[in-house]
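Pasting the structures in now, so scroll down.
There are two complexes below, and they share chain A, which is joined by chain B in the first and by chain C in the second.
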Partner chain A sequence: MATTYRICPRSGLQFDTAAEKLMRFHAVAGVLALLVGGIMALGVILTRWPAIKLLPADTFYMVLTAHGIDMLIFWIIFFEMAVLIFASSTLLRCRLAMPKLAWVASILMVIGAIMTNVAIFQGESSVMFTSYVPMQAKPHFYLGLILFAVGALLICFIFLGTLVVAKAEKTYEGSIPLVTFGALTACIIAIFTIASGAIILIPTFLWSLGYIREIDSLMYRVVWWGLGHSSQQINVSAHVAIWYAIAAIVFGAKPMSEKVSRTAFFLYILFLQLASAHHLLSDPGLSSEWKIVNTSYFMYFAVLASMIHGMTVPGAIEQAQRLKGYNKGLFEWLRKAPWGNPAFSSMFLSLIGFGFLGGISGVMMGAEQLNMLIHNTIYVPGHFHATVVIGTTLAFMGLTYFLVPVLFKREVLFPGFAKIQPYLFGLAMYVVALVMMGAGTLGVSRRHWDMAFAGAPMAYEWPGAAYLMMGLTGIFSCIAIVGGAGWILQIVLSILFGKKLEEGEIRSTPIPLTLPAPTTGSTVHPPATPGTMVLALIFLTAFILYYFVNWKYLSSLWGLS
Partner chain B sequence: MSAILPPSERVWWNQPIDKLEFIWIAIAFIWSLTMFGMMIWWHIYGNQNLANETYKTTKEMFAAKAQAVVDQYTVRTETDKQVPVVKPPAGSDIYLIGRLWDWWPIYELEKGKTYKLHLSAMDYMHGFSLQPQNINIQVHPNYDHVVKITPTQAGTYSIVCNEYCGIGHHTMVGRVYVK
Partner chain C sequence: MADQEERIPVMQKWLDNPFLLVFLGVAMPTVLYIVWGVMEIANIPVAR
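Let's turn to the complex of A and B:
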């Protein structure tokens, strides 16, 4: 109980000192993982760029394994743990539950992350992010992941414990904020995800030690994707919560409807995890009925939820802007948005890219039959670079611009670079995702060292357009890497050398959250959001056209039954 | 109040929904149902559906079946590795083995005729990726996946492996002829 509370003079937020240290620790650990993953990205892309082909095959597959795991697991989950702590103890203005246990958990995560990285760089665990059996990695590859997962699971429970503390100690009134509700969604999905990971990785670890004779490859894929895909659903919930948070921080935006936004998050809890089926649509042994029900999140209820968030987040911004008087025409509210504020521009590029590139492509290739066009082609990484890089990473980067002064109490250095960084990184990534999907549509394989098939007795020749797309992937990935490296450098230097900012008042007791009186009587009726509706309809049109174009493409293939 | 604060109304559930927001939800819901229906519709009217027919098998059993077809219908061999080119009768069961690092054997099929293609792997998982058609199917060891295929255009096709299977993964390319 002997903790203190700091009131941030810049944001008015209240930080539990113990929680604050943990948040900084996880943010820094995440950025370090991003750094390693980013260096690996350079190795991956300079090898897949046909004109360069930098690394030999064995190094390439090792580097690709490290890239996948450091980015998709370590960077994102470390950062998400910081988000969970922020959304509970900071937004609810309470103490963090069990801070000592949280430190044990955090150390476990770091040990796990280092152990798995060591295993990968020793060179005998180049089994990719997915580590499909019967290909075997060294035991400490699996053990590191298990330790990391145990740590993350403990922090999920600490998040839930903190919600209980806040409720019991009455630090807020009524319902938890929408952003905390989104974080709760992420936490529930995370617990499901980590449980799936434990169910498959613990036997696989025992198999690598020789205690279990065989692991069925199909069973592995079914259970592993409960980890592999659901962990990306934690990201979706987390970055949607961050979209709402940034809209609230930058514009003071209020959700268009608490009921709608919360119901949409609830749909995520119910249906989002079914998406592990997306990876199994071209597998034997699973029935079409199972595939259709699961791949569609039981009638696309989670897609419905994302389409709702996709409208309510910009809708909330439009309402806030119109209330400020930006009322001219359909889009004055958007034109007059603070495009030079990196928190906003990151968030908006994340929203648009996630919807148009990641969302549409994901739903298309998640249709049972259409998946045959896409399965294991480089379209798949094209899709998920739109979801987890443009969607998640860019949103996290945007939030960090807000957190450096608030959490690290430092001024962001190089504000001029900060203005353009989201565009440099985000827009380059838009192109990367598009050209990778283009190459994938032509059939180019993912996780493949040489598209020229050097040494193959019966080599296949890809069309020239495929080489063009892969060359463009190389060029634009390098631009994105510059944008990403610039961000890391900027954040790290700001944290180390940025101008120190005033700490703010330190108290021994928390100040509970008091709400302004309900706005009865002279209620301001929220303005309509025609601009957002137009954007939504453009999105829908693109979605429908692209969806049916692919069915048309499918219908030209050989007969299969 | 904003999204980082508790809702200002204690009973937020009863607040009315914005009209445009409601219309969008209705549109999104109809589109969701359409996409769901599309997959079922294609099972009834479409010609490209992955079969549900799968058997548990062993590497030895599957290899023996493939060998029997190769012994019976081989017409010639190709490349230095003497890969058999097999011309099976239309409608028959044909077996394709994925292993480190080749697809074995080469089949010569007749345009417009249907074959029962059995897929299995001998070691790791492999990825059947028929190019330039772009049909992609996951191939597991110990599972015999039966796919009825009907080639619709003549030509020379390649089978690229698109599931990572080790250092020689990029050399794993097979062939199918359609005449």
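Let's turn to the complex of A and C:
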């Protein structure tokens, strides 16, 4: 199928016109889902804030359902589909495979997202993100999710088809670029995720219609978490790919070792989805062998992969900075980094927050014994707000600052606000994740409307610190919501009213592949990265201390002698 | 010389084959997480 190619004058990237429109479509759809999810976040937080307790119980659970699904499914997967299209057709400089089918898939996703939202806001599908049976939602709640998943699955296959096109048309030489390899990892995890969703949501849909008598609740939980948790692993692969992309865009950084980074992504492909089992560590019916093999053994390979990425991304930046002459001491390369560039600051805050808060807490939760300390408490949302909001959303926000001029051909409005937005949103979310985890450690429930259980026959007296931390959760969540709303407003206004930028050359054929000239003579050895090594050691120390503290806490709560 | 240039390590061949990676990435969690988990639940005796 004939298409045209636009050469972006600002980035030098080549966009297949059909792919470019699809990327814009998915980015906008994702931001709209984020807007709905963000408004719902305000309802959730102003209700869980004990001093305010805004919404009545039934409205709260409806709002919580919309918040979870719009944020954890629609926002991230719409944006990830844009990333898949970008990482295939743009980075491999080829046409997108089957663009018409891609539009059909995209429209299916939009219909599905709208249908599920309608079901939620009609008020009889307040089953929350997990939608555990025997709670039953309206049939169109499940049907919307199924349509959305089918659309996303088709785009995953189109991504794979585009890799085939690029190879057949020889638009790249050797292996695919590392960022595309990261996107391939996300695509593979997405395929497993969506297949798990289909296995469980199709029977659940039929159950909601009355064609199936019952769904076993434990069976549902096992298969559903193949969807529920793995969908968040798509994020991990996608945002790690974006870290590498931003390091290359902002610093011209090259991976420290392609082999090591690719091997780390390979570990994700093999083991990352198995972390789904940590949601079932307190469930009866599943053996300790199943729990421990999936989490405490195989999940650690994926953790190892994350630690590798967490070291190689800043390491690549350090090398690039040192080659530019920032060699003074351990951290001049970091001090002289462009902290006012929101693409970089978002990415770096994402990396640190994901590692220190999301990563360490995730490993702690993945140990069967330690999981008992915090299972089904607000510690769990604390952990996943560190991974999904700080890790993924912040990285996506950072990439968007790059995409507005490159993909939407508009200048970003309010550059002063753009400089502070990642700090406002990111640092507030750091505090939110920490205090949620603190409250969870004291036992505050994961999603109960009223932590005080007022009027319940068996009252529970919480320590004052639990109320303090829930109050702080409320205050800092509101600050984060201001940062997030500001970002949405800034991006939407920039796309609509930002100064139009030069479109660039339009070609009917892609630019022919030009290979770099073979190097002769002495090669430049990349500089050592002592600063990154120190950061890695600080991380490991924090990791060991936190792990030890939790075992100590468990032993003091549950004496064995 | 040409033979030496064309020799690609086995691991790189695997990593350059997206469909092999798709197979591995779907098969591993399907067997270890879903099939194993479902079999354990299916083997729980029904209460009478």
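Following the convention adopted for this analysis, the second predicted complex is superposed on the first by the 550 of 561 C-alpha atoms of A that agree within 3 Å, B and C clash if a C-alpha of one lies under 4 Å from a C-alpha of the other, contacts with A are read in each partner's own complex, and residues count from 1 in each chain.
Following the convention adopted for this analysis, a residue touches a chain if its C-beta (ideal position, glycine included) is under 8 Å from a C-beta of that chain, and two chains touch if they have at least 3 such contacts.
Because the structure is predicted, anything quoted here is derived from the model rather than measured.
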Review point. What is the contact status of A:N294 with respect to chain B (first) and chain C (second): first, second, both, or neither?
Key: second
Exercise for review: Have a look at where A:M256 lands relative to chain B and chain C in the superposition and call it first, second, both or neither.
Suggested key: first
**Study point:** Which superposed partner A:F192 touches (first chain B, second chain C, both, neither)
**Key:** second
Practice item. Look at A:L535 in the shared chain and tell me whether it touches chain B only, chain C only, both, or neither; answer first, second, both or neither. Key: neither
Exercise for review: Please indicate which partner A:L34 is in contact with in the superposed arrangement: first for chain B, second for chain C, both, or neither.
Suggested key: neither
Check your understanding: Which chain, chain B or chain C, is in touch with more residues of chain A?
Key -> B
Exercise for review: Determine, under the contact definition given at the top, whether A:F271 touches first (chain B), second (chain C), both, or neither.
Suggested key: second
Exercise for review: For A:D216, select first, second, both or neither according to whether it touches chain B, chain C, the two together, or no partner.
Suggested key: both
Exercise for review: For A:V412, select first, second, both or neither according to whether it touches chain B, chain C, the two together, or no partner.
Suggested key: neither
Exercise for review: For A:V44, select first, second, both or neither according to whether it touches chain B, chain C, the two together, or no partner.
Suggested key: neither
Practice item. Starting from the residues of chain A touching chain B, keep only those that also touch chain C in the other complex, and list them. Key: 175-176, 216, 218, 280, 285, 287
Study note, to complete from the structure: As the complex stands, chain A meets chain C at residues 160, 163, 175-176, 181, 184-185, 188-189, 191-192, 195-196, 199, 216, 218-219, 222-223, 226, 230, 262-263, 266, 269-271, 273-274, 276-277, 280, 285-287, 290, 293-294, 298
Study note, to complete from the structure: In the complex, the residues of chain A that touch chain B are 57-58, 61, 91, 128, 132, 134-135, 172-179, 216-218, 221, 244-245, 247-249, 252-261, 280-285, 287-288, 292, 295-296, 299-301, 303-304, 307-308, 311-312, 315-316, 363, 367-369, 372-377, 441-443, 445-451, 453-460, 462-463, 513, 515-516, 518-519, 526, 528-530, 532-533, 536, 540, 543-544, 547, 551, 554-555, 557-561
Review point. Across the complex, what residues on chain C touch chain A?
Key: 11-12, 15-16, 18-19, 21-22, 24-26, 28-30, 32-34, 36-38, 40-42, 44
Exercise for review: Would you pull the chain B residues touching chain A in the complex into a rising list?
Suggested key: 1-10, 12-13, 15, 17-21, 23-25, 27-29, 31-33, 35-36, 38-40, 42-43, 46-52, 54, 78-81, 83, 102, 114, 119, 123-125, 127, 129-138, 140-145, 147-153, 158, 160-175
